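What follows is a group of structures, each given as structure tokens.
Here come two complexes built around chain A, the first alongside chain B, the second alongside chain C.
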Partner chain A sequence: MEGLRNDGRRWNELRRIHCQLSTSSTNADGSSYIEQGFTKVLCNVTGPAEPSSRQKVKQDAATVSCEVYFAAFSGTDRIKRGRNDKKVQELQTAIQKTFSSVILTHLFSRSEITISIHILSQDGGTLAACINATTLALIDAGIPLKDYVCACTSAQSTSIFDNEGTTPDPWLDVNYLEESDIPSLTVATVGDSEKIVALSMENKVRIEMLEGMIAVGISGCGKVRGIMDEEVRRHGKARLEAAME
Partner chain B sequence: MPIQIIAPAPFVTADDEGDDEGGVRLDFDNDGDIAMDGDAPRRAAGRQAGGIVTPGEVVTEDPQWMRGHGTYLSQPLSGGSQSIISSLAGTISKTNKLLSIRALKFRYVPEIGDLVVGRILEVQTKRWRVDIAAPHSATLLLSSINLPGGILRKRTSTDELQIRTFFSEGDLLVAEVQTLSNDGLASLHTRSLKYGKLRNGVFMTIDAGMVRRMKSHVLTMNTSNGGGEVDIYLGVNGYIYIAKHTTPLTESGGPEGKSVSITRLEEEASEAIYSNVNEDISPETRAEIARIACVIGALARNGVKVDEEMVHLGYEAALEEFLQGMEWGGDGEAGKRVVDAALAKRREG
Partner chain C sequence: MGPMASPSFEVGRPTDLDHTLSRLLEKSIRRSTALDLESLCIVTAQRVWSLRADLHFLSHDGNLIDTACIATITALAHFRLPVVTVSGEDITIHPVTERVPVPLSLLHWPICVTFSFFGEDDDGEMVCVLDATAQEEALREGDMTVTVNKNGEVCQISKSGGVAVEAETLMKCARMAAQKVKGIDKLIAAALREDEVARNKGNLDWLKEGRSENER
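What follows is the complex of A and B.
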């Protein structure tokens, strides 16, 4: 059909987002689970707690550390990714940097906030799903944040060329097929403002297309924030009602 | 015109997303930026949601309020006014002119006088480091424990060398927060017969906020099915220890109630107080300890604050339903049923 993507969505349509808070009953302080399409991510947050090593002690702020684990069965091929895998390290650094700037770390001197992420299924937008899951887990743990950090992907379809020289619409929230096919980027914003805290792109794209892609990504982030906020409120309301009993 | 983003399919109703013509094309304004609609609708919606604020939500723009915990000030606008923004998901609490946000779930913050259950992390020369589920581990000084041999005994260097005979790594203890330093580090003490090493039982954790502060945090319960008496140490920090009831004096100091001089009492008590050996615990007692643990877990998991009344009611409910397959930690359907039954009992009075 004309104008539809391979999974039947329009250019500006998000995949189904399902999220949950307090999913884990272990000793994690906060936990969350998010599904964006077929990308599924589980996140646990512990902290602020005593730092696990001396190097991690900062005198005036909390240290944020991040561990990412790919389930071997999460992708199309069965791949075991170890601790030193380049992709794992890259994700860890990206998430750690992103959240260090958004968590109000100065409130918890000499302590550590540990984010641990398990990627259960990958279908495009892994980094985005990880960031969204982390935001929810941090909120669940009661760790002060400036605002939600919401992430979304967008891609520029280069296959369709327009005779009039106008660029075609960028695609929002890519799946695995699109991600491996056309250049895409991940953008994370603070709340639904236009403040970008993370931007990652691994392909080449014509410079005049970049702005459109970022703009679509940012708008997507705003929508994602709304969906996550709805879930947080629903969860909070349920918790309050139980406490009222 | 802003970019329109179509929400994921299951949430979209036919009429709420407007045009079905494939969305709106990008519209660039003069400086090449894309115009966005403001965040006004979200904030308005937040206000109506009944008490809950979420991170990034403007709590008030009125300069008369002072900001408290869980909030921060926005960047000053051109007029110099700043709004108070929430940094947590929780409820607003107002104390005079102070606005603070109470998170739905939070880590334990020690306060003087709190009864806490802790675990020894590290043994140092004259002190222990104790995990009490707070952002920082607490310290327990050698001078703030009851040494064997009575209250009048002087602390010697031999005690320092034998520090591991009192508490070693991994030991559980119940203590009271004695002092707090400026940066919130807690120092504990166990200088009372009520406090000290824990044994003969099971350790469990719940969220710190789920323990209601009470007059006494040590409960003794008479259990059914031949379980005998069971002690429950409800640490304010969310650490809980449930143990077989023991009277430390019965071993050598005779039956309870028999008058023992106060110094003698200390001596007798201290013999057994640092023992690492569990007593014999009958299978019946074990079963009841496990049942109580499940009840407490279920209460906390279902958002009901744990206090003496609720533990009793929950335990009764668990007995009545004689539940099979109640899961450890109180997850699952069975836990929910017990909590509902307990709440119903409380409403009946």
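What follows is the complex of A and C.
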């Protein structure tokens, strides 16, 4: 089939996104679960609470801390990633920094907001799924945010049927196979402003290709935002109705 | 990274900056396959060279990432590996006095360029600054590091958190980075050439012979 990707999608199609709020309401202030294709992430948020250590106390704002746990069975190979694993630490800092700038931290001085993320299954776009899950969990916890933070991946296919010398369309929302094959990037935007709060790319790509990749990524973020917003409204309505009875 | 560089660095406690730095350098140089790892192989699946780059920061006045990247690339380009001959089971590492050591095969020079963002001005235009000082870094609202080589290939981009920036501004920064890198690349090449000439004063013929790359 010409023009279709290895999982049968077109270049601008997202994978199925399933999200849920308040998945573990007994042991966290806010929690969420998101599936993007076969990438599955669980996120718990606690706080604002008293900081766990003295160092984390900030006088004028809340501290945001983030813990990421990779399940050993989440990838194709069984790998146990400890706390000091470089990939884990990079994910933690990326998420922590992203959300420190989006949460209205000045409202909760001398307190701590803890985000803990469990990655249950990896199939490409792990960082994006983590960011989306965190946004939902923070909303569930009732922590004031500037707006939704939505993340999406995009990749530049080095197409074989490219005769006219034009660059082929970038692919939206890559899976594991595509991610390990062609250069991809993760982009996160705030609300529907199309402004980028986080951007990360690890592969080599020509600078001319970059613009298209970012543009496709941003359009994906908009779609993800729509899906997330729908779920938040549905969940809110269901809760409200339960409270009315 | 010790207290010599800046009083804010403590001994033995790796900071966030530490992690970001080592991860960024690893992504920029190792993952972009700047160094041909196969050339470090002596006997397949048995013996390989191990290279290690140690960075010591002497004084911190901002932009540690870019400086560290330029230093690492220059060091790698300057480094010479002793010649090894393998005959059957025997591996001989020739001392420097016996055979002229060869340079590493660096495929390209990825160079980091960091931009600092200071929020929007009155006209809604993002204020961005290149090569920030320590004071500017303390005041900035966001940052982005782009790694480019002189061929215009982006090897790595990372912007985590900070102020939200329009995609257009980011692209402008990336293009500017590609421009700047060409200049930095020339600077490194000039410094290396200068060093080579100074080291081999009056003995340049011998140097040419010893080089692995030639006019061909």
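Observations on the model:
The rule is short, and it goes like this: the second predicted complex is superposed on the first by the 241 of 245 C-alpha atoms of A that agree within 3 Å, B and C clash if a C-alpha of one lies under 4 Å from a C-alpha of the other, contacts with A are read in each partner's own complex, and residues count from 1 in each chain.
Heads up, the rule we're going with is that a contact is a pair of C-beta atoms (placed from the backbone, for glycine too) under 8 Å apart; a residue touches a chain by one contact, two chains touch by 3 or more.
From a predicted model like this one, the values you see are computed outputs, not experimental measurements.
Contact with neither chain B nor chain C is seen for A:Ile115 once the two complexes are overlaid on the shared chain. By the touch criterion defined above, A:Gly3 lies against chain B but remains apart from chain C after alignment on the C-alpha atoms of chain A. Among chain B and chain C, the chain that touches a larger number of residues in chain A is B. In the superposition on chain A, A:Glu194 makes contact with both chain B and chain C. By the touch criterion defined above, A:Glu211 lies against chain B and chain C together after alignment on the C-alpha atoms of chain A. By the touch criterion defined above, A:Ser22 reaches chain B but does not reach chain C.
In the superposed model, A:Lys97 lies in contact with chain C only, and not with chain B. When the two complexes are overlaid on their common chain A, residue A:Ala151 makes contact with neither chain B nor chain C.
When the two complexes are overlaid on their common chain A, residue A:Val41 makes contact with neither chain B nor chain C.
In the overlay built on the shared chain, the residue A:Ala133 is in contact with neither chain B nor chain C. Of the residues of chain A, those at positions 190, 193-194, 211, 215, 218 touch chain B in one of the two structures and chain C in the other.
Per the touch definition, chain C reaches chain A in the complex via residues 16, 19-20, 22-23, 26-27, 31-33, 141-142, 144, 148, 152-167, 170-171, 174-175, 178. Across the complex, chain A is touched by residues 2-11, 22-23, 25-26, 32, 34, 36, 39, 42, 46, 49-52, 54-56, 70, 72, 85, 87-91, 103-107, 121, 131, 135-137, 183, 205, 301-305, 329, 331, 343 of chain B.
By the touch rule above, chain A contacts chain B in their complex via residues 3, 9-17, 22, 25, 27, 29-30, 47-50, 104, 108-111, 139-142, 144-148, 169, 172, 190-194, 211-212, 215-216, 218-220, 222-223, 226-227, 229, 232-233, 235-243, 245. Chain A makes touch with chain C in their complex at residues 86, 89-90, 93-94, 96-102, 185, 189-190, 193-208, 210-211, 214-215, 218.
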